[in-house]
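Two complexes follow with subunit A in common, the first pairing it with subunit B and the second with subunit C.
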Partner chain A sequence: MRGKYAKFVMLSPAILVLLATTTYPLIYALIISFRNWKLTKSPEPKEFVGLDNYTQAFDDSGFTNSLQVTFLFTVLSVSLSLGIGLAIALLVQKKSLVNTILKTLLIFPFAVSPTLKGFSWRFMLNADYGLYNKIAKTVFPPAKDIIWLNDTFWAMFGLAMSETWGWAPLIALMFVGALGSISPEITEAARLDGANNFSLFFYITLPLLRPVILIALLLKTIFSLKMFDQVVTMTGGGPGRSTQTFNFFIYQIGFRNLDMGYASALAIMLVIFLSILAYLYVKLLLGKGASA
Partner chain B sequence: MFLNHLWGNGGDVFDSAMRPIFNSPAGVEATTTYLDLLKKGYSSPDAVTFNEGEAGTQFATGKSAMWAGWSWYYSNFNNPKNIAPEVVNNVGVVTAPAWAGKAPITYSQIWPVGISKYSKNQDAAWEYLQWLTNTRVEREVVLNKSDAKFDNVVAVHYPILQDPEVNKLHQNLQNTILNVLKTARTEPLIPEWPQVESILEIAINNMAGGKPVQATLDQAAKDVDGIMKKAGYYK
Partner chain C sequence: MSYAAKSLEKVQTNVKVSGFKGKDWLSGLGYWVGVFLTLAFILIPMLWIGLTSLKTYRQAFTLDIFFEPTLDNFKIIFDEPYSFGPKLVNSLIVGIVTILIAIPLAMMAAYAFSRFRFWGSNLLMVWVLTTQFIPPVVIIIPFFNLFRSVGLVDTLQGLIILDLAIVLPYATWMIKGYIDALPMEVEEAALVDGCNDLSILYRITFPLVMPGIIVAAVFGFMACWNEFLFALIIGSRNAQTLQVGFFGVTSGPRGLQWELMSATGMIVMVPILILSLLIRKHFVGGLTLGAVK
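Entry: the complex of A and B
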């Protein structure tokens, strides 16, 4: 009996910290989302306004714009991260000294803070003295007049690449683990049946990687939907509003327009959507573990 | 810079009833002239992505001949540590340019100091404020050039701004500040300003990227109109 309750006692400090830093602010944000609170007008939340803060979003062109931007960004960064990650994994999967060193290096980009990634990429994409700028314009002279961060397409692409740069190597590591678990007997049997590299990849490797692909897809999607740091340090939401992701839009409403009620409502919307995805992620992860 | 052009040409963001009027003919002319700085090649093309720091850097590295901005940047541009050698001690100051035959109307901001009504040390705070805004102390600070890192050129008292010794040390910077302050204006001091400013910024960025001036300003005016109506300034 003592043993049964001991684990709750052990966990309680961590649970208290969690409650204080995430659950309490979340519930408070939920309460504020139903009230009128503009910091420019009062230091405290004012009257109850029901769902007004939520319905306000659907009249706001900034809201619809940020949904489109976030969707575009998510599609771009998820496909790039998974595609490049898979390519890297296939390249380093064979056992060799070089590959062991490379696999160790793969974790470093993910460890770089997103804010720093944004600043670095902003420097490297500078149309005057940026590194990527010089490389691109040397390799492709017709590009010499492009101001990368002022072009709707390139700013979004640059944003997606700064995120992919950090995530693709991590996803590659996930795939490396999964590739390693594919029994060599399967590949041998396939080759005996006359499979070439192409069909081996598409009919054996990819289907066996499906669980990991799904998990990586869901995880990356969750993170892409809340993209914020690089928007602040790299593009500022620009050019115009073309890189204003949803999380950045919430930040502008809350900390620039100082409309806390509206910002809380938007944030709760994001939380609900992400929670659904997170639930699917955990179900997928635990389901996989249970069947393994 | 946008506001300088707008105000100098007789235009404004709002009229007396707080309706947006920056898309008036004066406003369109001001915006077009402002964007011509970019389109006619007076600024480098990548200036469209610059924030204040990056613009300052371009001037500090000797790539730009002129820089329009805050008076206190003068200290930055004369610090030999980060500035190109041909720029250090080679920086002059003038009043911001104006439309032909009209006075410059520049955009100013101030940093207020105050005592919190919740403070438990209001007397000590008051004593501190008296020291902080003391004219003798201010003069000493402005004249102190012993360390470029702590250089300060800003004075807030008329006697110091007109002081001949202070001006001699800074190529007449303080007299220029004084002259500019006579016709300077602040942004509209309303709670909705951050939202309005955001709309204007996005519109200007879009126009700098090539969108048509009149149409973009009209749409921005429509958006601002929506904000002002919702805030209750008019029906």
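Entry: the complex of A and C
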């Protein structure tokens, strides 16, 4: 490819499609976010209203509620995913036939569509005939009166678990890769110096896993902030509005209330939250590429 | 050192590190309990969907594991009024057409990004990478209104355009990683041997990075197949995909019919599980864009 313009010929189709499908809507949404546009009243955007759509959010209890829900969901699902992921990784890190089979099975849950995750967990958590309902109430009898998805806390917890089911195995695989690259000499040396399992884990394994933990943390957080699918198919945002995530709230404003101006303003806020995380993630990603 | 001696040494290190080092049976037991719990954690939801899809309406409300299995549910969901056939076809068309458009574009762009440095190339590359962090809800608001005015609401074309926004940045970045890993010398050698520029691309470079292209295509297809938000908003009637098709069986006259939901779930889940097995070695590296190999 020595032709002077060849590279631009090769780049331009992809760039044009990306401009049209990602940058155009972003700019359009930004403009709409400053305008009054309720689809119920007008098919076209109306007058500019400055920052009204943004300030409106802070008087809207639905908005503050959705931020709290998203925060709680993110904290729960990120810590569950990373915790369970780490436990599974430590379990299957050694090379053996059983572990190879387990590692193959670990890719499955993430591939299951989020819609189905939501439906199937809703089914299994049904307080009359759900499988997980039965298991939980057999193992822990005092829980017998809990109707999982009608309970503010348990609905949130169930939602986070349905997400953790997909993510923990994936994060486990990320950790297994990193654990494999820890040189045996290091652990051997630490053992010779008298380190026990606990100190080995806290002073050797965890610090060496730090970069991967950071990447998993960022990636999982980015996805948690966009949580939508299972909210629709599992809890419908309920009970009350206790599982209405931010993304679900934007959807409701935009496509149930048909208030495009307000929905755009909310969407732009989501972009801002995500940009901060994406910036850190991209920095990590590129930093790693440069040092390799 | 001979190869045999080397591998012997390797085996010895492995044994030294991975053996239980004469620890008591307790840690062995702990390991197997862990294996059991992990298996249960991963498999129960999938197995339960599989079992329920073979149950009758009444059996679906029981926890029976032994029952007379029936394939009726799969017949029912393809019959009227659920008609899953067209929805399955829609899902396939959207997934396949999206990757047929996205992958060639991604291949060309990835090659240019990988092999050329020009003014602004780094910035452009980072821009491509960041576009995939734009949340789908931002993309759908403008496009929903645009599609309303040009008549693309409830069409497969509309869905394909939207899915491109998800697949293209990701595929470009991913294929670029594979081309980066291919030494430039391979192409230079072909040039010396008299290949022209274009034939180097399709005879040397692209065949050599084919595994990466396949992985990108599989991930792209999976993303389209599992996509829900766009499908929910755009595909209301004629352009329903499988993910939206769930609502057909969950809002029928008998309410949510779990056995039909499960049968739908099997159709949604099984092809993707098979595809993910095909690319299992690349699964983690692919999803994290090479941040974790």
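By our rule, the second predicted complex is superposed on the first by the 282 of 292 C-alpha atoms of A that agree within 3 Å, B and C clash if a C-alpha of one lies under 4 Å from a C-alpha of the other, contacts with A are read in each partner's own complex, and residues count from 1 in each chain.
Quick note on the criterion: contacts are C-beta pairs under 8 Å (C-beta built on N, C-alpha and C of every residue); 3 or more make two chains touch, one makes a residue touch a chain.
No experiment lies behind these values; they were computed from the predicted model shown.
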*After superposition on the shared chain, which partner residues are touched by A:Leu170: those of subunit B (first), subunit C (second), both, or neither?*
second
*Look at A:Trp121 in the shared chain and tell me whether it touches subunit B only, subunit C only, both, or neither; answer first, second, both or neither.*
second
*Check whether A:Ala136 is in contact with subunit B, with subunit C, with both or with neither, and answer first, second, both or neither.*
neither
*Tell me which partner A:Val92 touches in the superposition: subunit B (first), subunit C (second), both or neither.*
second
*Examine A:Gly238 and indicate which partner it touches, taking first as subunit B and second as subunit C; both and neither are also allowed.*
first
*Would you check which partner chain A:Arg256 touches, where first means subunit B only, second means subunit C only, and both and neither mean what they say?*
first
*Just subunit B (first), just subunit C (second), both, or neither: which does A:Asn150 touch?*
first
*Taking the superposition as given, does A:Ile182 touch the first partner, subunit B, the second, subunit C, both, or neither?*
neither
_Superposition-derived comparison: subunit B or subunit C, residues of subunit A touched_ = C
*Identify the overlap between the subunit B-contacting and the subunit C-contacting residues of subunit A.*
128
*Which residues, counting only subunit C, touch subunit A once they are in their complex?*
13-14, 16-18, 31, 34-35, 38-39, 41-46, 48-49, 52, 61-63, 101, 105-106, 108-109, 111-113, 115-116, 118, 124, 126, 128-131, 133-145, 148, 161-162, 164-165, 168-169, 172, 197, 200-201, 222, 225-226, 228-229, 232-233, 243, 246, 250, 258, 261-262, 265, 268-269, 272-273, 275-277, 280, 283-284, 287-293
*Where on subunit A is subunit C touching in the complex?*
1-3, 6-8, 10-11, 13-15, 17-18, 21-26, 28-29, 32, 43, 84, 87-88, 91-92, 94-96, 98, 102, 104-117, 119-121, 123-124, 128-129, 131-132, 134, 165, 168-170, 173-174, 177-178, 184, 187-188, 212, 215-216, 219, 222, 226, 228-229, 232-233, 247, 250-251, 254-255, 260, 263-264, 267-268, 270-271, 274-275, 277-278, 281-282, 284-286, 288-289
*Name, in rising order, each residue of subunit B that touches subunit A in their complex.*
44-46, 48-49, 51, 58, 63, 191-192, 194-195, 198, 202, 205-206, 208-209, 223
*Quick one: which bits of subunit A touch subunit B in the complex? Just the residue numbers, please.*
38, 40-41, 61, 126-128, 145, 147, 149-150, 152, 236, 238-241, 252, 256-258
